[in-house]
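What follows is chain A paired twice: with chain B in the first complex and chain C in the second.
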Partner chain A sequence: MGEPVATPSEIVRLDHVVKRFGGITAVNDVSFAVATGEIHAVVGENGAGKSTIMKMLAGVHLPDAGTLLLRGDPVVISDPLDARRRGISIVFQELNLFPHLSVAGNVFANRELSGAGRLLDERRMVAETRHILDEMGVELDPRTKVGKLAVGEKQLVEIARALQQESDIVIMDEPNSALNAAESERLFDLLRRLRDRGITIIYVSHRLEEVFAIADRITVIRDGRYQWTRPIAETTIPDVIAAMIGRRLEETFPDRQPVDPAARVVLEVRGLTCPPTVGPIDFAVRSGEIVGFAGLEGSGIDETLHVLFGLGKPTGGDVVYRGQEGGRPTSPFDAIRQGFALIPANRREEGLMTGWSIRRNASLCVLDDLLDRVGLIDRTLERNLADGYVRQLSVTTDSIDKRVVNLSGGNQQKVVVAKWLATEPTVLILNDPTRGVDIGAKSEIYALCDRLARGGMALLFTSSEIEETLGVCDRVLVFYKGRIIRSIARGEASKADVMHWVAGGVIPEVVEVEVAQELDPRLPTA
Partner chain B sequence: MPWRRHVPGLLDNLIWFILVGVILFFATQSDKFLTPINLRNILAAAAVLGVLVVGQTFVLITGNFDLSTESTLGLSALLGLWLIVPAVAPTWGAGLLWNPFVSIAAILLMGAIIGWLIGSLITYGRMNNFIVTLAMLLILRGAMLRFTEGNAVNGLNFPPAQVFYSLGSAPAVTLPWLGKLPVAVAAMLLLFLIGYVILEHRPFGRDLYAIGGNRAAAVASGIDADKRIRQVYVLSGFLAAFGGWMLAGRVASVQVDLGEGYIFQVMAAAVIGGISLNGGRGKMIGALGGVLLLSTIDRGLNLMQVSVFWIQVIQGLIILIAMFIDAQKVRFRAPVVDTGATATTAGTAASTAPAD
Partner chain C sequence: MNGSSAGASAAKSPISPSAPRMLLRRLGAIDEIGVIGAIVLLSVLLAILVGDTFLSTNNFVNVSRQASYVGIMAVGMVFVIAMGDIDLSVGSIWMLSSVSMAIALREELPIWLAVLICMVVATLCGLLNGALSVWLRIPTIIVTLGTLSLFRGLGLVVSNATPVSGYNLETWFFEWIGGRDPVFGIWTSVWAMVLVGIAGWLLFTRSAFGRRVQAIGSNLQAARFSGVRIGRYRIMVMALMGFIVGIAAVVALAFNRNGSPTVGVGTELYVIAATIIGGTALTGGSGSVLGAILGAIIIQLIQNGLALLAVPPAWSTAVTGIVIIVAVTLDYLIKRR
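The block that comes next holds the complex of A and B.
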């Protein structure tokens, strides 16, 4: 961990900055500097702490320790408004726009110009917005409703808003996640021109091809810690990947026995199509097998899992479930009845009733099996069910009547698992089951997957951390743009290989060549 | 602060403390208040309101509204009598002279069908529940006018109409001191009991709380939210028609404005009883408390000969106070919720922040 590269004109410096959430340190003693008028990329894996750092700069979080320096002076950025006053604008990956307002209305949101009689001066706002858009070289009618714009155009509106506020530091948080190639190229072009005007751009991403195409310098963050900062010309994609992955706190993955090739195929997907994101795809899962899906956001994994669980409507293809043709689930209710269970990625939105007790959450899907003779829910059966799973999964709680909102992330996830194990599924789908879960609970979840598979359950597993998918699964299917482009047996490929494949099979050497030629805009960003 | 832990529980049951307090207050204001006949009147007045509140509670728990119940009630009461009485003055019926039992079955069925229609518009039609039921409130009231051409339907001197009175005003049980309780009161209490059992002890009730609490999670848990919502509207419509039968029996003669304005009382009672308008929260027993409190205050103020204008003001104030108490519940739960929220955010940020 070297010292940050010193630059004569630093606009932003982080000095031993720490941010903790509860017991977990998201940003751990990070120091680096951003020079005035550069495009500075900050890269790292999911959860490395990039976004947390940016949120501190944007006034969303306050550092627990350490100092932020702005133009050489220590500052406390107390809230987003304060950040804006200090010239920092952030373009979040989840766009913060008002769809029902016009472009001009969004650019001037909360800073509306008023004319005579304190009425809004619509004409002046439209004119100024047009002026800003012209400067950006963007052809967009300021009177268009933002809701009608494409994602790329919305991003431009966000940038226009930053410019209107005369920000000299613009933070782009994963700006490209939803852009197509042409939109990306336009965005890059604009960013370069803004830089040439002296605006500093901090560009957060984990898409390295992109970063190498646009950034002047690059900072790598791993597990909340600063790794290094280098000029882009002095590093390569493999270097960066190595620094991003590093040697991490080893999570212990269970050993897997080879799957019995004679085991029954419990799920077979043939030509499943769900435009525009999925298919056609084919795969089969045997009883006792853990099949992993690897891919970037937008590669179709989420949609595939949703379709299998009856939450999405496919336009074509077959799902053969336990040898029964045409068993494509039409609703979650149907899917559950057919023996599917889905542990969703966002447990607070889809996984749990956060205000409910552990007991009520655990029993929600199987209430009909817990009735007494007169058809009422039998409290004893319900308690036994919840008690059993709390013990089996070692949920840390003093009572099954505790509300799940009061549990830690790992224990909440265990309650979700309990709820679905209670349905005794044949196929258990786990969508990013370790998100927001501490390392100990992660290992428990891996061990549980192994145990369930040994018991004959078929598991579909996907995670935002590729080495997890590699570590847990018997076979990993690589998704790219809605298709399965590769199937890897356990131990057959490294994380770095998979990282390249999920980006469309681009290998580092090729990228370097293309970087030298001003990066091909057709490079996949999906 | 240990006492804070008990605050939500206390606030949840506050309605009963308030009810006792209010009764004691009126007892000191009027010696006619704590008399059997007055208490019987309070219960009798609460009966129809209570029936509507049971239905409304089911709907509210799912996070929906049913504004149409007072019109379903009015139309049912009117139609029920209209079908059995002669067409001439002074009864002004349809002249169909239906068997009263058939007519009652018909209006109960009609109530259920209206509810199913509303539920279908909301779920299949993806329409806003507030607006759909508001429209039905107007449409059904209009239908009443059309049926009767503005005449009141009178069953007073027509013997077959007695069936209506059997529910509305006939005595059911005789209690010591309190005297003879009308069938209507017993029916209302029974419905609250059934409602309580369904909400607390049947999977159906759990589903409703799940839908109102977190619809996305409910659907992902295999609950057919749309079907459940149609079912609660059927229940609400059915109970509104049942309330119509009850009210027709009390008043004997049905004007076209029968039941008008009930919806405010229904919503007030539910809210006072702790039913959250956001769905997912509230108990049937609390709703009963709300009903009793409203009718107690109504009756008490009448006894004190408070002007009718003031009664409305006071009812409005009670609703505000109830909402205030409800807001405090959320506030006192906040410290607990915060710990959990921080813990989850922490986990999320540290390992695989979705924003990263």
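The block that comes next holds the complex of A and C.
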């Protein structure tokens, strides 16, 4: 681990900073410095700890150990208001704006200007907002309601708010995950101009292409630890990827037998397009095959999966299901009846009734099959169903009447799986099934995918962790900006390749070899 | 649900609890124990304070009968609230369907047809509530706030704002269903409450319908992902609410004899209060049919007690409100513990 590059004027320095949440150390002994007036990118994988670091700078979290230095002085940033007073503004991923207020109302939120008689001085606030927006080179009416703005424009309002407070440090947390190319370009332009005015920008992202387009220096965080900081000119994307990935606890992926090329094509998607800019998407899945989707948020994966489960309407294209054209489910009810099952990404919000028992969750999708002669739910059938899946999936619990809120993340996810296996699906869609699940349960889920595919089920699999998608699937489709840009067979590409592709980059052959070597577990750590 | 978790914790306890403590645990595991306790407490209190007048058969019959209308409607309200919705228009549905039936009788339609008209009007009112809410994407609290006035207004129009009467009372309907016979007639509405209660309890706890209703109230998004047809269910539940109000309207008209345009004013609040006192969470997801009926009995006991204690009617309303707040707060505190 190298020492941070010495700079003439540091505005922010982290000195051996530690942050723990429960038993998990999210930020582990991190030290680095940000220079005045630079655009400093902080990169790392999901869960690497970059957002936690930013939240400490923004006063949301207090460090458990170590010191934050601001302009050379050690400081305790006690809350977000304190951070703002010290000149730090943060533009969060999920924007913190008031949709019912105007642009000016948002820029001055909680610091409203008042005139005579303690009434709001609307005119002055609008004028000052207009002045700030003009300086930013943004054409936006300060009186527009923020709820009516596009995402990119909302981001500009956040920045205007930071400027109104005369912040000299602006933190952008994953700013452009929802922006289109033109909006991104405009944002970059603005950030460069702000930098030239002496404002320091800390830019958090995992889109390396964009980081290399905008940043002056880059800091890599991996598994809560600082890796290195380098000027952008002295590093390359493959270097950064290698530093981001490193080596981690090995998960065990099952061996896959090659899929029988004569197996029936269960599902075929032809020219599917959906709003805003997804498609045309084409792919086919055979019985017994696990097809993976790799891509960043907004790449079109969620939209595609939702259409297949009847949750969204496409604008064009066709779904051929079991040889039938026009087989697109029109609602989740229809999807389930046809044999689709979706294990959703967000277990607590979309997957489970957390206050319900395991039994009631497991039976929810198949209640109609559990009725007795009178038409009431047969309690024995229901118990047998839940008991069977608890045993089959080895859910750790003392009773099927235990409420799922009292189960661990891994066991909760198994209940979701049970609920969907009970529908005996033909096509099982798994959207990030191992999120918030411990390693043991992860391996069990991988093994289960393999077992289900062997039994003839067709699986669609996507995960926020690329190595997982690569380890589980027979074939991985790479999504980028609403299109499938590549289809790779099992073992054909490394994680570094795929990380590059999902970010829209193309890796030259030579570099590919280097990265592969760095990933070789036999070599010592850099 | 609660029963098993309490049982599990009792089994884990290292010291074997004594018999009375076991009994207490068992009782504590019954969801409706708070409401039952409150009824016992109120009854004992009134028996001591008022004595014979409270304990007389006559008074008992009165309390039960008056509680039964709210009790019947509260069974429907359990479904509505457990689904995460609310129906403020039940008092007006009662009035409109009741007046419609009285007019049908005055026009000398057969009794069965008049009853049918009452039920259809009430069910359609509920259906309209549900359909407006689902199709126009307006919360039911807003829709039914509107139909609260709409239905009552329609009732006033068709009845000319005067009680509808002048039909033959010497029929089986008024003689038997609404009779003053101390053995059968006088209990009709209580029997109706018991039957609606049993049917509602089965539907709520043991049917796929009830399970899905609770799924919607428990987690709307997850219910959608689980293939529950939410719009359809919301309309069905609001229509069911109307249908159940129709039942209350029929038995009430049989006893009251004329179609009064003032019937059911403010009843929605008692129905909602009974449901919540009975342990149905306003946040949705769970509920108790038995509790709702017991809640209706509590409200009636309080009003009866205050009347017997010669508290002026104006005060009686205020005190009822206080008791509702206390009951719900106590229930909340006990469950939070």
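The rule we apply is simple: the second predicted complex is superposed on the first by the 493 of 526 C-alpha atoms of A that agree within 3 Å, B and C clash if a C-alpha of one lies under 4 Å from a C-alpha of the other, contacts with A are read in each partner's own complex, and residues count from 1 in each chain.
Throughout what follows, contacts are C-beta pairs under 8 Å (C-beta built on N, C-alpha and C of every residue); 3 or more make two chains touch, one makes a residue touch a chain.
Bear in mind that the values here come from a model prediction, so they are computed numbers and not experimental data.
Visitor: What does the overlay on chain A give for chain B and chain C, a clash or a fit?
Guide: clash
Visitor: Regarding the shared-chain residue A:116, is it in contact with chain B (first), chain C (second), both, or neither?
Guide: It touches nothing on chain B or chain C.
Visitor: Could you tell me if A:401 is touching chain B, chain C, both of them or neither one (first, second, both, neither)?
Guide: second
Visitor: Once chain A of both complexes is superposed, is A:350 in touch with chain B (first), chain C (second), both, or neither?
Guide: Touch partners of A:350: chain B and chain C.
Visitor: For A:52, using the defined touch cut-off, is the partner it touches chain B, chain C, both, or neither? Pick first, second, both or neither.
Guide: After superposition on chain A, A:52 lies in contact with chain B alone.
Visitor: Using the touch definition from the top, say if A:432 reaches chain B (first), chain C (second), both or neither.
Guide: first
Visitor: For the three-chain arrangement built by superposition, which of chain B and chain C touches the greater number of chain A residues?
Guide: More residues of chain A are touched by B.
Visitor: Could you tell me if A:224 is touching chain B, chain C, both of them or neither one (first, second, both, neither)?
Guide: The first partner, chain B, only.
Visitor: Does the superposition put A:262 against chain B (first), chain C (second), both, or neither?
Guide: The answer is neither, since A:262 touches no partner chain.
Visitor: So, does A:173 touch the first partner chain B, the second partner chain C, both, or neither?
Guide: first
Visitor: Tell me which stretch of chain C runs into chain B once the two are superposed: 4-12, 22-30 or 94-102.
Guide: 94-102
Visitor: Which parts of chain A are in contact with chain B and also with chain C?
Guide: 309, 311, 331-333, 335-337, 342, 344, 349-356, 360, 364-365, 367-368, 371, 375-377, 403, 419
Visitor: For the complex, which residues does chain C have touching chain A?
Guide: Result: residues 1, 4-5, 8, 202, 206-208, 211-212, 215, 218-219, 221-229, 285-286 of chain C touch chain A.
Visitor: Using the touch definition up top, name the residues of chain A that touch chain B in the complex.
Guide: So the residues of chain A in touch with chain B come to 20-26, 44-52, 55, 92-94, 173-174, 206, 224, 309, 311, 331-333, 335-337, 342, 344, 346, 348-356, 360, 364-365, 367-368, 371, 375-377, 403-410, 412, 419, 432, 434-439, 442, 463-465.
Visitor: Which residues of chain A touch chain C once you look at their complex with the stated criterion?
Guide: Those residues of chain A that touch chain C are 309, 311, 331-333, 335-337, 342, 344, 349-357, 360, 363-365, 367-368, 370-371, 375-377, 398-399, 401-403, 419.
Visitor: State the interface residues of chain B toward chain A in the complex, per the touch definition above.
Guide: 197, 201-203, 206, 209-210, 213-214, 216-224, 280-281, 336-337, 339-356
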